[in-house]
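Should a chain be cited, it is by its letter among A, B, C, D, E and F, assigned in written order, with residues numbered from 1 in that chain.
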C-alpha cells in the first residue's frame, strides 16, 4: 500500500472487466466510463500481487509523455 | 493523413481544452468525458503540424503496455 | 479504420516478415528498409484484430520521447 | 493523495537533489542510494503540483516494460 | 557488442537473480543494490540473445521520460 | 562509454541533421536512411553530454514494446 501523490497526470477510475494471464504478462480490461474500455498489459506477477479480479475498482495510470494525439 | 487501423488499443475521443507550447515540448489538455481530462505531452512541432487548438476534436492514443494499474 | 493525422513523428513503412503469438503478447517483425528490421511487441489481440500476417504492408509508429540516442 | 497499490514493480525511494523547470517539462534529480542518481522528466505542472523541492523524500516509479537490459 | 554512450540517463548496475521465459516475453530480476530489485520485461529473444542467466552482471537502462515521481 | 549488448532490438544507424535545445528537453533529428528521419526527444543535458551536433553518426535505439503497428 502506498499513500502518496503521483506525477502521472492521467488517472482514470474504472472497474476490471477481464483478466487474462499469460506466462509472463497479463492483459487487464478496465471499463473507465461506459462504453470506454482501457486495456492494460502488466506483468502476471503484478496482476497476481494486486489480486486483480473482475469487479475490482481500480485506477488506470498513464504518464502524459506516453499519450499520442490523433486529429 | 493516414487511413489505417492501429495496434494501440486505447483510443479515447475528446476535445482539446488547452494548448501550452514550450521551446521543444507542448502540453495538450484533452477532455475525454466530463470531468476527465487527459494530459498529453508531445513535441511542439507535432502540436503545430496538427494545428492543435482549443475545441479540436481529437483522439488520445495510448499503447496498453504504457498503462499502470492501481488498486 | 481511422482517418487522422498522428502526433507520433516516427512512422516507418515496412512489410511484416514474421508474426509470433504468445498467450498475451505477440512479436511482430517488420522489414522497414533492407536490411533493417523493426521488432514490435503488441498484444496478441491487436495482432489478431489487425490480422497481421507475413507480407502485410504496415507502418511502425514510434513516439519521439521513446527514442534513445547512442553515439 | 492516493492510497493504493500499483502494478509498477520498480519503486525506488530517494531524495530530490535538484529541480529544474522548463516551460513545459521539468528535470528532477533523485538520489536513490549513493552514488546513484535517477533523472526523471515530468511535466512542469506535476512538479509544481507535487511541490517538489530539494530534500523531499520521493519515490521513483518505473514500469518493468520500460527497462532495457545491457550486458 | 556496442561501444557507445547513451542518452538514457538512468543506468543502474546489478546482478541477474532470476530469468523467467514466456512464449514472447521474459521477466528478468536484477538486484541493483541490496535490497532493491529491478524487474525488467524484455522479449524472450533478447533474453536469449544476451544469454541472460543468474549471476550475470548487467545494467538496467531507463529513459528519464519513463520515470514517474511519487511524493 | 559503454561496451555492452542491449536488449533493445531496434537500433537504427543514422546521422544527426538537426539539434534543437529547449530549457529541459532537446529535439534531435536523425536521418536513418534517406528519406526517413527519426525524431528523438531527449533531455537537454543528455544532448549536451553526448555533444550532439549535425553530422554526428549516431544510433536510434527503440525498445520493441514502444512500437505501435498500423495497417
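Heads up, the rule we're going with is that a residue touches a chain if its C-beta (ideal position, glycine included) is under 8 Å from a C-beta of that chain, and two chains touch if they have at least 3 such contacts.
Being a predicted model, the structure only gives us computed values, none of them experimental.
Considering the contact criterion stated above, the chains in touch with chain A and with chain F alike are B, C, D, E. The rotation relating chain C to chain E, fitted on Cα atoms, comes to 120°, given as a multiple of 5.
Counting the residue numbers that touch the partner chain, chain D and chain E have more than half of them in common.
The most distant chain from chain A, with centres taken as the mean of CA atoms, is F.
Between the interfaces A-D and C-F, more contacting C-beta pairs are found at C-F.
Relative to chain D, the most remote chain by averaged C-alpha coordinates is C.
Centre-to-centre, using mean CA coordinates, chain A is 23 Å away from chain C. Chain F has its Cα centroid 20 Å from the Cα centroid of chain E.
Each of residues 2, 4-9, 11, 22-25, 27, 39-43, 45-47, 50, 59, 61, 63-66, 68-71 in chain F touches at least two other chains. Chain pairs that touch one another: A-B, A-C, A-D, A-E, B-C, B-D, B-F, C-E, C-F, D-E, D-F, E-F.
Chain contact summary for the complex, chain A toward chain E: residues 2, 4-8, 22-25, 43, 45, 61, 63, 65. Within the complex formed with chain F, the residues of chain C that make contact are 8-12, 27-28, 30, 32-33, 36, 38-42, 46-47, 50-52, 56-71. By the touch rule above, chain B contacts chain D in their complex via residues 20-27, 39, 41, 65-66, 68-71. Contact residues on chain A toward chain D in their complex (touch as defined above): 1-9, 11, 40-43, 45-47, 49-50, 59, 61, 63-65.
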